[in-house]
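Chain nomenclature is as follows: A, B, C and D, assigned in order of appearance, with residue numbering initiated at 1 for each chain independently.
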Amino acid sequence: MLASIGAGSLEDLFAHLPAEVRFERTLDIPAGKSEYDIVNYFRQRASENATGYSSFLGAGVYSHYRPVLVDAVVSRGEFLTSYTPYQAEISQGTLTTIFEFQTMICQLTGMEVANASMYDGSSSVPEAALMAARVTGREGILVSRAVHPEYRETLATSVRHQGLHVVEYAYDRDSGGIDLEDLESKLDSTVAAVIVQSPNFFGIVEDVRKAAELAHKSGALLVVCFTEAVSLGLLEPPRDADIVCGELQSFAISPSYGGPFAGIIATKEKYLRQIPGRIVGETKDANGNRAYCLTLATREQHIRREKATSNICTNQALIALMATVFMTVYGKEGLRELAVQNLSKAHYLAQQLPRRFKGPFFNEFVVSGNGRPPEQINETLLTRKIIGGLPLGRFYPELAGGMLVCATEMTDRQAMDAFVGVFVAEEALAK
Amino acid sequence: MIRKVRPHITQNEPLLFESSSPGKIGYQLPDLDVPAVDPAAALGESNTRREIEGFPEVSEVEAIRHFSRLSTYNYAIDLGLYPLGSCTMKYNPRVNEAVARIEGLAWAHPYQPESLSQGAMEVMAVLENALAEITGMDAVTLQPAAGAHGEFTGILLIRALLESRGNPRKNILIPDSAHGTNPATAHMAGYQVRNLPSNDRGMVDMEALVRLCDEDTAALMITNPNTVGVFEENITRIAAILHGKGAQVYMDGANMNALVGIARPGDFGVDVMHLNLHKTFSTPHGGGGPGSGAVAVKGHLEPFLPVPRLLRREGQWTWNYDRPDSIGRVRAFYGNFGVLVRALAYIMAHGGPGLKNATMDALLNANYIRTLLEPYYDHPHKAPTMHECVFSDEMQAKRGVRTGDIAKRLIDYGFHPYTVSFPLIVHGALMIEPTETEGKRELDLFVDAMISIAKEVEEDPELVLKAPHSTRTNRVDEVTAARKPVVRWKPAADEA
Amino acid sequence: MIRKVRPHITQNEPLLFESSSPGKIGYQLPDLDVPAVDPAAALGESNTRREIEGFPEVSEVEAIRHFSRLSTYNYAIDLGLYPLGSCTMKYNPRVNEAVARIEGLAWAHPYQPESLSQGAMEVMAVLENALAEITGMDAVTLQPAAGAHGEFTGILLIRALLESRGNPRKNILIPDSAHGTNPATAHMAGYQVRNLPSNDRGMVDMEALVRLCDEDTAALMITNPNTVGVFEENITRIAAILHGKGAQVYMDGANMNALVGIARPGDFGVDVMHLNLHKTFSTPHGGGGPGSGAVAVKGHLEPFLPVPRLLRREGQWTWNYDRPDSIGRVRAFYGNFGVLVRALAYIMAHGGPGLKNATMDALLNANYIRTLLEPYYDHPHKAPTMHECVFSDEMQAKRGVRTGDIAKRLIDYGFHPYTVSFPLIVHGALMIEPTETEGKRELDLFVDAMISIAKEVEEDPELVLKAPHSTRTNRVDEVTAARKPVVRWKPAADEA
Amino acid sequence: MLASIGAGSLEDLFAHLPAEVRFERTLDIPAGKSEYDIVNYFRQRASENATGYSSFLGAGVYSHYRPVLVDAVVSRGEFLTSYTPYQAEISQGTLTTIFEFQTMICQLTGMEVANASMYDGSSSVPEAALMAARVTGREGILVSRAVHPEYRETLATSVRHQGLHVVEYAYDRDSGGIDLEDLESKLDSTVAAVIVQSPNFFGIVEDVRKAAELAHKSGALLVVCFTEAVSLGLLEPPRDADIVCGELQSFAISPSYGGPFAGIIATKEKYLRQIPGRIVGETKDANGNRAYCLTLATREQHIRREKATSNICTNQALIALMATVFMTVYGKEGLRELAVQNLSKAHYLAQQLPRRFKGPFFNEFVVSGNGRPPEQINETLLTRKIIGGLPLGRFYPELAGGMLVCATEMTDRQAMDAFVGVFVAEEALAK
C-alpha cells in the first residue's frame, strides 16, 4: 500500500508536519497489554469499589433490576457499532427503535412529542429552560430548591451566559413539596419557566397541577423534571406541564458511577420545532413502504449552526435503547407492578423511621436526624455491609442531620430491618 | 460489478404498539416481601394514573424477536467499512464491553463512600493522565458527555479566564470549514461568531486571521487536522497571533485520530481542546451515543475546570469541591464513567507505541483512498491528506448526480456512505475517513465500488439517482417527513 | 402473498483461509513471567512442528466481521417460528445464558475438591429430583450428552438388568414410526431390531405386538406421544404385555413437551426413558448442539445407573463410585453441566403450574395448525393431535410437488420449514411442531403461508419446485455434495 | 384460538388421554420464580463452589483464557438459537463455520478429513475404536494405560456389546510413555486399533511414529487421542495415525464442571465414509454460487437406522463454534505462542519439583510423592487459596503418593512459587 501512494515509510505520511509540531519521543504510556491483563486490571479496580453491599442510596441514581434481555439486545453489533442513522436505508433498525422510544416517552409523560434523547437528566433541565425562553421570549427561570441540587448547579452553569436569570424558590418545610406562596410571590411577566421536579429530590410527589396554574397565570411555561422514571408507572403523568424533562437511569441503565445515562425532553406538539436534539419521524420510501428517518434537522447545529436550538450532536442512543428494551419487557402491567413494589418497600421502611416531611412520597424519603450525625450512622451501617442514605447537610444546611434514603424492588426486608436496627441503636447512643 | 453483498430475506416487524395484545407480559417480578401498599391511599387518587395508555404488551420472545429483527436492517462497523468522515468509525473492541460490565464498576453508585469508590476514581485518574500525555496538555476533565458538551465546557473555561482578567470579550473566530457544533457552542456561551475564511489549500487564510483577530476576540475555535483532513501548517503562527491579542486557542479534537503519538496540541499552542473518546478512543457509537467529550487544558485554565476534581490525599482519592474559580458543573456526577472505562481499556491495549501505529495506519488508509480515487473524483484541496480525504462531486454533478446520490448508490455496493455535503467549504463534499481499522481487502472493495459508480454516472446516471435498489427500504422521502412531521405512533383511530 | 419478509443486502464473506494474510494476528498474550523454554530443546526436534499450515491469520476486527456476516445467513428461533417437528424448537430464555456463565459455575473444574463443588452438585441434585417428579420415575442420571446417548445408556441399563436375571435376551421391538436413533441405539447395545408396525391411526398395532413380543424380547422402545404426534392410547396395556414376558419398556422422551404436567411415563408403565433437555427444557440447540439426554428409571434399574452417583453424606454432597452393579460411565466426568444449569433455570422460571400451562399451549398451537391446514393438506392419521401434527404431501404430489419442495417454498415466506419426510410411515411427511413459544400472530402468518403455497401448487407448481427464490443462496445441490465430497478447504494449487 | 379448534377449555386438549394415565395433581415444583430470583439462586450456588483460587488441575480439563470474542459470537441468536442446518438455504452461516472447523481440525491434526464434532473427547474414543473395527473387520482394541482413565472407562462401557475386546497395554515406568515391548507383545492379527494418547494422561509426549509402525506392521490402525488441544500448536501432528480423536475443551470452552465440551474425529480421506456424525461438504446452488450442506447422510441413523456408523444425532455444534472462534482469534502464530507459554510455565514449575517420569512433557507432569499424602498437601494448599494437583492413587495404585499437576498461561509465577513452597514445607514435615 505504501508503494501505491508513493511513500517510502509510514513516517513519510506525516513528514510534511512542521518540525516544531512533530512529537519526537514515544508517548509515556506502558506498552500494549493483552486482553487477559486488561480484564484483570479492571477486575482489580472493581474490587476496590463496593461489592456485596445492600444500599439505600437513591438521590437521582437508583438500583433497579436489569432484565438480561437488555444486554442481549444492545450487545448486537448492529446496534452497538452503528452511528447516528443519517442513512435511513441502512438504519431502519435504529430509526424504528427511536421512533418507538419517542412514542413510549410520550405515553409515560402525557406529552405529545419527544426527542431521541439528551445527555442525561441534569443537562435536560437547561435545555428545557432555554426552550421555554425561546417560546416565551422571556428570561426568568424559577427553579424549586427541591430540584436535584446537581441539576440546579448544571442549570446555573449552562444558561448563565445566554441572558437567563435563574432564581430559586422555596420548598415547604412541612410537606417537603414546593412552597406555592413563595413561587407565586416570585412569578411575574419576565418569567419564562417554572421548574419543578416530581417526585422531588426529597422523594415527595409534587402538586404539578397547582404549579401549572400559577405558572400559566403569569404566562410562563411549566417544566416538570423527574429523576426516578419508575414513578411514572404509577403517578399521574404531568399533563399540565408544557415541557417534561428528566432522567431514564432507572430503566435498566446501570449506575455506572454516574453515567452514561439518558435524558429526555418531551413537550406539546406546538413546540415541536423548538425541541433540541435528534428527532425521528415517519415517512415512506419510494415503494410506498413505511419508513423512518431523522427529521426537522433545520433545528440542529449541522444545518443551523449558531442559530441551532442546541449544540448537541452525539446523544445517548444506545442508552435510550436500553430504556426502550426495558419498557418493552416490563410493558404496561409490569411497569405499574414494579412501581407498586417500590412504593411498598419504601413505605415499609418509612413506617419504622422518623420522616422529616409529610408530603406523599414514592420510593425515597428524608429521615429526620436522631441526634447522631448521619455520617456516623452510615459508618456503623458499613460494618453491617450496608451503605446507608445520603446525608443532606452537604446540599441543605437546614437539613443537616437528616438523610435521604431510598428503597426499590431490590431492597430486601432483612436489609431494611437491619437498617432500622442500627438507626434505633444509634439513636439510643445519642440519648 | 457488485462483489460485496447479495440480497437475502429479512423479517418484517410491526411496531411494538401494533403487535401488543392486552394482558401479554414479558416479565415476572419477585414476590413482594413486605405488605403491598395501595397507591391511591399512599399517593392520593389524583396523583395515581389508571394505566399507561398504549404502552407495549408483548411476551419475552416477541420482545427479543422484535429487536433482533429490527437490528438486521442496520449497517454497522461489525459488518464492514463505515467511512463517515469526521466520525472516526473504528472497531469497538469487545473486551471494552466486558470490562465496563464488571459488577464493581457497573454498579458503583456516584454517592457511595469514597472509601468504597477508589477503584473507579483510580480509573478516572489514570485516564486523565494518559489523555494529558497524549495531548500534551496539563489537566483534563472527564465530565462532558460528548464533543459538543466538551466544546461548551472549553469555551466557558476561556470565558472564565478572560473574565478573571477583567473582560470576557465579544467574539470567537471560527473557520468556515468548522463543524456546526462550533458556532452553536460559541453562541450558547454568549459569544458572537466571526467567520474565518479558508484558503484554496483548505487552511486558515492568514491575512484574514490577522485582519479579524483583535482585542474583542476571545478565542479561535480551530479543528486540526481540519475538516478537509489537512493539517494547519501555520498552526504555531496562528496561535502566536491569537495569543498576541490576548485571545485563547480552542482546538476541536474530533480529528485527534490523525495526531495521537505524532503531534500534540499542547506543543503547538493550543490552550484548551476536547477529545471525542467515542471516536479516537474507540468507544462504541451505539447508533448515536453515548460519547465522552473530555476536555484538556493548559495550566492557566486549570483553576476554572468544572467541580468536582480528583484529589490525592493521604494515599486516597477524594473529590475536591473546594474550587472557588471553577465554572461549576456542566452535568450531574462525574462524567460518562462507563465510556471512560472503555477508553482506558483501548489505551492500555495499544500502549504508547501501539497508539502511534494506529495513527499511522489511519493516515495510510486515507492516503491510499485519496490516491486511488483522485482520477475519478475531484479533489479540491491539494494539501497533504491526513486521516481523511474530502472530494467534491463536481465531475459527477455535470451529469446531474450529486454527492447524496453517489452515497445512496454506495449502499448497493455494500458500504455505509461517507459523510455527505460536509464541510460546507467543499461544494458537494464526499468526506471519507477509513480509520486504521480497515485492511487492504475492504479498502480495495470500497475503491472499486467508488470507481464503478463513477463509471455508472457516465453511462447510466438514472441508476445512481434512483439508488439504493437492493435494500429492504429504498430511497426514503425525507422531505415529507419534515413537512408533515409524524414523530410518534398513534392508534389508527386517532389518525383518522 | 408474502407478508413476513423483504429482501435486504447481506455481506458476502470468503472463507477464513482465503482472507488470511501472513503475519496478521487477532490476539495478544500476556508477557511471560517465567523464562521462555525452547520447544525443540524441551520436546525434541522431531516432536515439534514448524507451523500449522494454512491456519487462519486475520485481525480481530476481521474475525468478528467474519462471524457476524456469516450469522446473517442463518434462520433462528430469535427470528421467528421454527416448526421442526420432533425437535421442539422453543424460545431459549436469555437468563439461562446469563446464569450458566456465572464464574463459580462456568469455571468449576470437575476434579476440584467436593467441598468446593457443593453448589454445582446441589444444582444437579435439584434437577434430578425435578426430572424424577416430572416423569414419575424414581431415579435420574444426568450423564448422557444428548438424546441418542441417553437411549444408549437406557438400553445398557435394561441389558444389565436382564443379565443380572440371567439372560440379556436378543431383540428390541421398535415401531416403524420410530426415530432413526432408536434402531441405531439398539444395534450399538448389541440387540437385534424387530420392526413393530403401526395401525391406521398411527398407533402400535396391538395384534402385531402380541405376536412379536416373546421371551427373546428384551424391550420395546416406544416414543409417546409418538412421531405422528399421537398419544399411544393403549400404553398401559402395551406395558403390561411386555412386562408379562419379562421385558422392559423404554420410552423415547423426545416428545415429552406434550406431557409435562399432564401425564407421567412413570405412571403408565415405562421402566426407563430419556429426556432431551435441549428440547423440552429449552436449552439452546446452538446449530446442532450441545444437548443433554438425562435418563430416568424405575427403582429396579437404579443399581445399574452410570457411576458416579450423587450421594448425601453428613449434610454434604459427595460422588459415589462404589456401585458394583453399575454399567460404568458413558462419558468422562458428570454430564453437560452447563446445559443442566439452563434446564434447571427453565424449570424454576415455570414452576409446577407454569410447566403444565406451557404443555397446554403447545397442544393448543399444534391443534390450531392441524385444524386450519387440514382442508389443504392430507392428514393421514385421524387420532387426536398432541404437540405436533403430521401431514402428507399426497394432494400436492399429484402436481409433482413433494414435501421437500413445499419446505423450500416456505423459506420464501419467511419461515424455517417443518421436518421433511419423517416419520417414514407417512409418505412424504410434513411434520409440524410449533411449541408453546408461538403467539397467534406468528401462527396465522404460518398458516396463511401454507395455504398460499397449496394454492401455488395448483396454479404454478414450477414456482414451488424452484424455490427458494429470495435467499442469498438458492436451492443447494446436495447430490453433487455427496457424490464428490469436498469436506475441507484446500489451497487453490492443490485443487488444480 | 380454542374456539377455532372447537375446544371449550385447554383441559379439553388432552381429555382423550386414558383416565389412568392422566396426572391429576400439580407437579411438586415450587411456583415460577422471577428472573431476579433465578439469578440470585445460581449466584448463591456459584458462591458454594471454588472462586478466587489458583488451580493446578488439568487431567483432561484445562484453564485457558477465553477471548471475549468467543461469547460475542456464540451469543448471537442466529448461531445460538438455530438447529442442525438441515435447510441449507437458510443455514449457510452455521454450515460455513462447520466447514471451516473441519478444515482447521485437519490442519491441526495432520489428517485429511474431519467431522462436525462428537459429544466430547471420551466418547470420541469408542467411536474411533468402532470405526477401526469397521475398517479392519477385526475386534481387538489395544488401549494404553496412559490414556485418560475416564476415557478408558467410557471405551469399555461403550464397545462391550459390539463384540470388541478391549485390552490395556502398559506404560513405561521410567519414561511415562507407552511400553512399546508390551504393546508389541499384545499385537496380533485380531487387533483392529492401537489407541495412544499424546500428550498422555501424565502429560508425556508419546512416540506416535513408533506406535504407528508397530500397529501397521500387524495390520491394525493407529488411533491417536488428545485431551490438551493447545499442545497441537507446537507438537508435530500425528500424521502417522489413521484416526485422530480428542477433546477441544482447551479452545475457549469453560471447564463448566465437566461439560459441555466438544470431541473431534479426523482421519484419512479413504475412511471418510466410515466416520460417525455430521459432515458438511462444499457444493453449489442453482445459480452456481458456492454453497455448503450436510452430506454423506447415508452413514447416519436417520437414513441408515440400525446400520448407521453411529447413533449420534445432536452433537456439540455451538461448542465447536467456540473452538472455531478461538482458533481464528489466535490463528497460526497465536496458537504456537500460546503453546510455548504453556510449555514454559510447566517447565518452570517442574524444575522445582521431583518429576516421576523422564519423558518429554507439555503442560502437565506427575510429581513424585514426598512422603506426605497428596491429599494432605492439597489441604494445606487450600488454606493458601490454591487448588493443588490430582492425587493419582485413585486411578493408578502404583502411583499413589504422586500427583498430576498442570500449568497454563493463566498460572502465574507467584502461585507456582507458593505451590513449591508448600510442597517443600510438607516434605520437611514428612522427614
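By definition in this document, a residue touches a chain if its C-beta (ideal position, glycine included) is under 8 Å from a C-beta of that chain, and two chains touch if they have at least 3 such contacts.
Small disclaimer: the values here were computed from a predicted structure and weren't measured.
With centres computed as the average of Cα coordinates, no chain lies farther from subunit A than D. Looking at A-C alongside A-B, one finds more C-beta pairs in contact between the chains of A-B.
Distance between chain centres (mean CA atoms), subunit B to subunit D: 47 Å.
In this assembly, the C-alpha centroid of subunit A lies 21 Å from the C-alpha centroid of subunit B. Residues of subunit A in contact with at least two other chains: 32-33, 35-37, 39, 67-69, 72, 75-77, 289, 409.
Counting partners per residue, subunit B has 6, 24, 27-30, 60, 64, 68, 72-73, 77-79, 91, 94-95, 97-98, 349, 411, 440, 471-472 as the residues that reach two or more other chains. Residues 35-36, 39, 65, 67-68, 72, 75-77, 409-410 of subunit D are the ones touching subunit A in the complex.
Those residues of subunit B that touch subunit C in the complex are listed here as 3-12, 19, 21, 24, 28, 59-62, 64-65, 68-69, 72-73, 77-80, 91, 93-94, 349, 411-412, 414, 437, 439-441, 470-472. By the touch criterion given at the top, residues 6, 27-31, 64, 68, 94-95, 97-98 of subunit C touch subunit A in their complex. Residues 32-37, 68-69, 72, 77, 289 of subunit D are the ones that touch subunit B when the two sit in their complex.
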